[in-house]
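So, here come the structures, one by one.
The following pair of complexes shares a single chain, chain A, combined with chain B in the former and chain C in the latter.
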Partner chain A sequence: MRRRDFLKVAATSATGAVLFAGCGRIGDGVPETEFKIAQPVHTPNDWVYGRDAWFATAAPPEQGGYGLIVRVFEGRAKKVDGNPDFPGVLGKSDARAQALVQELYHPDRITGPQRASTRGGQVQSISWDDALQEVVGILREAGGERAVLITGRPSSSQAAIIAAFRQATGIRHAILEPDEFVALRTAMRRLFGTSMLPIPDLANAAFLLNFSAEFLHGWIAPVALARAYGAFRQGHSGHRGLYYHVGPRLSATAANADRWFPIVPGSEGLVALGIANVLLTEGKLPAERFQPYLAALGLDAARLTSDYTPERVAEASGLGAEQIRELAHALIEHQPAVVIAGTNAAATTNGLFNLVAAFGLNLVLGTVDQPGGLLLNPEPVLPELRVPDDAILNQQQWAQLVEQIRSGSVSTVLVHRANPVYSLPATLGVADALRAAQHVVSFSPFFDETTLLADLVLPDLVWLEQWGLQVPDPGPGYAAVAIQQPVVQPFADGRAFGDVLIQLAQQLGKPLPWASQEEATKTLALGLRQVSGGNIRAGNDSEFLVTLQAQGGWWSEGTRGQAGTPATAIVQPRDPEFAGDAGQYPLLLLPYPSPAIGYGEFAHLPWLQALPEPISTNVWQTWIEVGQRTADELGLTTGDVVRVSTPQGTVELPVYVNPAGQPGIVAIPFGQGHTAFGRYAEGRGLNPLAIVAPQSDPDAGTLAWCATRCRLEKTGRRTRLARFEGMVPAFQLEEFPIVRVMPPSA
Partner chain B sequence: MPRWGMVIDLDRCIGCGACVVACQAENNVPINTEDVYHQRRAIAWIRLERYWEGEFPNIKARYIPVPCMQCTNAPCEPVCPVYATYHTNEGINMQVYNRCIGTRYCAVNCHWHVRFFNFWEPKWPDSLKNQLNPDVTVRSRGVMEKCNFCVHRIVKAEQKAKVEKRELRTDEVTTACAQACPTNAIVFGDLDDPNSAVSKLLAQAEHEGRVYRLLEDLGTDPKVYYLKKVDIEAAAEPAAAH
Partner chain C sequence: MRYVRVLLFVLVVLVIMAVPLALVLARSYFLAPTAQPVKAQPIQFPHQVHVQAIGLDCTFCHRNATTSAQATLPPIELCMQCHKVIPTQGRPELEKLVAAFEQNQPILWNKVHQIPDHTHFVHSVHLSFGFQCSTCHGDVGAMGKPGVQQVRDLRMGDCITCHQQNGARTDCSVCHY
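Right after this comes the complex of A and B.
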């Protein structure tokens, strides 16, 4: 606060009539409008000056949907931590959860409803009444069949509201999730007959075999898995979990492994089959355990033993045959063992096969739903809280939808918390299609790339300002629901998306069952009271809701996941394919999600931008990671700017020489390359999707962003990489080793 | 009287950086912009270092979080001409911001490079100032700052205990980094309390031969203890610093 503001406030307070409320207009810096002045009688009744209040709420679905607590001081959220009671996380959090407060106070939040004079042009503020009326007119004009609602993965209660809105209006719902998760859910349906994600019981496992999944850095349930990992390593006296990582890159997660087995990208499934071959031929496991595994892959025992010998697999994967045997033997020697796969393994042209072949090993080992194995999660205890599978589109379905928008058969696009212009490959032409659409309405609280193409913007509240219910996906292995409650008064003139849908339906003459998102949340939450076995004992509804809010959620350890009937479709083993001629493009391009800013959805948060990427320690930009041997061959050093060419296009990027990089493979982090999305995201680096060829996995229909070849050429220019490494002088004292070497059995 | 200390188990640490961001959020550490990194003036009261061991393919990347070591015989303290850096009777190496005149002698004398100088006035957009922790002073240009084991949390807990006419309970207070750490790699507590988590961890890890302190041979008696990362095989090549 500036001195002038202070004096002004002091003078006002001196009259004894008014006090500050925690509601200010965001970022305008104008003293007259910086704060609302409110009568003390209007301040929340739990507000005590000078005292903290802690509110339980939930993390967003893209962060795992687990329970959080937020420290609030005089109307302002100060700090986010994990909910100490919530299963799986037990008080722990991660950098992304910590940064939620920056979204709340982001200086580039949209302050209220806006209308654009032209797409991407000037915007003017309008009232909520006008904005809603316009959207009602648009929806009436389009009718349900010509309108689509594109969202990110909604919270569970939002899913219920959207389902009711769909039913009332006939609008189509399309969910945009990162392709790796679409492939993962498909794999779970094929293997276990459920699209709820499973969770490895790491805390009780003796051995973890991981095929490329970034499970410690932003994958599914990053906090629950990290917490379990701590217990896996040092949580049991006299026993330490052993972790082997099979993957093409020594990633931030792979760096924690006891052993890293570098492989050719996309050969994860093949290695898994090689392991299954050893397990079968050596007869160390009952033969009947292989039946569901072989059935899912369309194989029989004879073909597995003849076609996938360690020698044959070794040739294609880059491993030695002995290494494959070693992996198989480790699974037998260290029980219970669990196998997971994901991230890069899911993003090749054989991604679904990789996932099915790797996760299927848990069936062979007999550790599905066993302590220390792979725990399946139950469907949400209330069917209304289920996020519909059919709304989650894969790349092929996105291509069809984009074509429908372009051709005019879908004339109206509503977008909530999704940024398809940025997140989908440029080859799909989403931006052009949206420009051709008759109406585009965005509900984003930020001007991202998609919102810039909207005619109308009705800004949503940010996560810490809303009501909701969230079923963590994956859950802790049993039923759990986190309650999301607003921890502060809204800091901008936004409205919760659920409220807007309810109001739109009302004005369309098709009212939904609830008057507000809050009412929907509480009504749905009361449904949990009817479910037996939960953690909350309450004599009446009011007591139940108060306890639910205080504890931050509802969970029932007795309600466990069960395997359903696996989908009948077979996932045939297939080799990965790469776009581009190997002679012309000799290197394989391996994009990877940034541990901090993910696929770009967290790029607007400065704490996450400034958090060094663990391996390179680079910040705030995009770089290309080149292995030492390849760099030596090309004469490259860190800071050289190179031209990266793929069959899809050419870009220039600075080089980071990674001593652990495999020869012939170069890597680029996702997350940057925003042309909008606020001051901290805009105009930095590159979105790798710009140079990734539009290859897809024919089984899952997902984008194979790890299936492009490239070549590097020196530009002769150099640039300085913003990075942490070198900030502090490094030296090592040989006489003080900081690693204790011990055998695996210890 | 407690003697505060910290144990960091490198076998649990995954390099996620939750501790770094939690510390920034708790202690009003300015945003490290791209320019700040270029100037090599990033402020991180706890930082996450990555170093390499071996060569491809037998190469390992290791993580180590580095906060202030809170040395008992802190080399930063005697060099301060204005007594801005001093030792509390609970063993915390403190910085008095409004006494500091910015000579930076302390930073020069710190072997762990965990003291940070404010070369510029810290800046946040007005709206982001709403996040600042009211319990922690925002440091101005020209003064040093450093990790203080979240002393405001300790003071608050001690005041609460005093009001309630009781002793501070075992592990009643913790630092922001330890609270956030998802793998429980960072544990904070009273080294003199045999029942505290840090004491128990140290007793157990001593038995396993995993305890060490950074630059222990300098004789400064750091109160941050590390537990060695366990490795099932020696890196094939001799260790190499980054």
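Right after this comes the complex of A and C.
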């Protein structure tokens, strides 16, 4: 380059960069109401002493529904923490709970009801009266069986309101939960006759055997389990809990284990059967304990001992036969022991079998509902608070529903806090079906991919602005209910979803039993007063409610979970299957939920986007994790952009080389790839569902997103990954030599 | 001649480097909280009248400043203790106050001094150390209509500098706890 050109380029780029960065002003994008301070007419209690007030409330259902407290002053929620009194969490919380305040002040919150001129086109603000009137008109014209209400997992009080609304209007209800939880609930029904999730009593266990469940980073109850894990490791003088992890990927949870047993994805169930084989043949446990286990799997003792020997299982799983014996012996030597399974184990073509085979080991060990074992949770003490099992759809049922929407037999779609366009695989064609639907109404407070296809948007309030009751799922092993109360005045012109349903029913001439979501919450809460054994002693209803709100919940340690009658369907052992020819696609693709942004439901919160993935320390993007040996074979280093091809499609992603990655397996985190959902989520990375083959588990009917083969090709391009680790070159200190990871070829 | 060309080149490079530097400094200057215009408020409240003309102390209205973390706004009922006997006719700003009280509606002020939620600032500690309100807020008592303006940066650098100058701790946990 000539000197003159250099000067021109340098001057232009430097000035341009600074000007670009300088555009804007302080508070850009901050909602107008964020920095308001309300001067009340009369002195509120929390102003008398000029100190922050802490209000108790509850975490959303997708975070486990446990008790929280929120620091509030001058009408502004400042900090979220765990409720110190609430069972299970005892004052702990996690990043997802902390980030709830960012929903309150999110610059892309929908500020009031909107009507779209065309689907996905311009929207205009309308009044609440007009919006409700229009929805009433839609439900009159095409309600009842022709309408479906799609929600995420509702809070317990929302479930009560929705049930009453269904009864009044005849509308259908469909709940969209991640497939791994659908499979897990099915497994619990099969083994224990309950669809409430269980919780391992880690705090009192001596040994944990975990099959792929990311229990410290997401999964079903990361806060309660992380707290219990602390007690498991360090809470007892003289002994430290022992943790073995069996799974295909060295995740952050697996990295906490004393030993990691790397296996072929989907072979968790086979390993569990191999362990059962050793326990039975060595006669270390009473033979009758194996009966319910064998019955659930349609096996008998002879077949277990002959077909699932450690040698046979070792061949299929990638472990050694001795390692399987070692796992079985550890279960006997370290009592009480507990076995859990989940995440990737639930997302293969034999996911339900994996879960039943692994959780069933607790029956064999005799530790179900025992201290240090697997604690079952009771059904909600009030029947109104149950989330209906029949409304939770599996992948096959979603395909049927989408087809009904496309064909017009379901012409009205109401969507609340669910994003089927993003969360269901593109092969189902949800977006096209919604475009074909006659009416689409969204109740989301954010313009996500589904809400963009709505004709009308009636924004819900965010979690910290609402009333509700929440049965934690999983609970602490006994009956518990958290109360959710608004900690601040609404920052937008939204209405609580329950209030909207109540008002719609009223206008349809079919009033529900309550006048508002607040009244429903309090009426249902007073039902708890009639249940004996609770923690609240109160002389009258008012005192009961005040105490309930101050403590943040109701719980009864005497009301414990117990096994019901297991479902009769047999879950046959089966090997995992993978889409794609092994010759053409030599690698196995292993998507996994992001510890911070989950399956993408938290991608709109910048704190969670910026939270480093614990193993790679990557943030704000999607990458493909490749093991060191595979990377060496393909000549890849961190930052190389590769073409990832599966039978379903091809995408390009940057590589992150994980020195501990299994050869032949590549992993991609879920969570990114949003085309809407606010400025922090849009246009980042990739949704792995785009390249996952539409395989399903025939037993549970769930999507097997962990059953696709792939291949990688270098593009020759490189990009820079945003991450913490390795950004500054390490330097050698004499007293602390750096541990070098050598490639296997060296 | 060769040296002149090299010198010229170095000068041009320096000028090029100075441009972004100047822009960064300008951005910092113009976007500083103290450089922002006075925020519009629902009522043009004249501190000057209450402090200089009437002689009220800051803590007459901001009652918790000396005892608590927050200085707190006075509730409207405190304003009305005096204003119920002060004529409002022809005084549109006062009419707004009385209307809010009679309609039981809170007044939504635009916050002038905004410290981030993850920072704890305790008014009482600073006042008991001997600082005046004006140390941070400036001479609010002299500010009339349309309202209060922020006169001090009050960002982290400002806090740390002041702590260092006055021998206070500067650990993270002093403010971020």
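Convention: the second predicted complex is superposed on the first by the 678 of 746 C-alpha atoms of A that agree within 3 Å, B and C clash if a C-alpha of one lies under 4 Å from a C-alpha of the other, contacts with A are read in each partner's own complex, and residues count from 1 in each chain.
Note that in this section contacts are C-beta pairs under 8 Å (C-beta built on N, C-alpha and C of every residue); 3 or more make two chains touch, one makes a residue touch a chain.
These figures come from a predicted structure and were not determined experimentally.
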Note to self: By the touch definition at the top of the document, which applies to A:107: first (chain B), second (chain C), both, or neither?
What the structure shows: first
Margin query: Between chain B and chain C, whom does A:73 touch in the aligned arrangement: first, second, both, or neither?
Written below: both
Check: A:51 contacts which: chain B (first), chain C (second), both, neither?
Finding: second
Check: Between chain B (first) and chain C (second), which, if any, makes contact with A:445: first, second, both or neither?
Finding: neither
Checklist line | If touched residues of chain A are counted for chain B and for chain C, the larger one | finding: B
Item checked: Set intersection of chain A contacts, chain C complex versus chain B complex -> 22, 26, 73-74, 76, 78-79, 101
Checklist line | List of chain A residues in touch with chain C within their complex | finding: 3, 7, 10-11, 14-15, 17-19, 21-22, 25-26, 33, 35-44, 47, 49-52, 73-74, 76, 78-79, 101
Item checked: Complex interface listing, chain B residues touching chain A -> 9-12, 14-18, 20-22, 24-26, 31-34, 37-38, 40, 42, 47-53, 55-57, 59-64, 66, 113, 125-134, 176, 179-185, 204, 208-210, 212, 215-217, 226-234, 239-242
Margin query: Help me check something: in the complex, which residues belonging to chain A touch chain B?
Written below: 1, 22, 24, 26-29, 34, 73-74, 76-82, 89, 91-95, 98-99, 101-102, 104-107, 109, 216-217, 222-223, 226-227, 229-231, 233-234, 237, 240, 242, 250, 252-253, 255-256, 258-260, 262, 491, 595-596, 606-608, 610-612, 614-615, 617, 619-621, 627-629, 659-662, 684, 720, 722-734, 736-744, 746
Next item on the list: Name, in rising order, each residue of chain C that touches chain A in their complex.
Entry: 9, 12-13, 16-17, 19-20, 23-24, 26-27, 31, 33, 36, 63-65, 67-78, 100-101, 104-111, 114, 117-118, 123
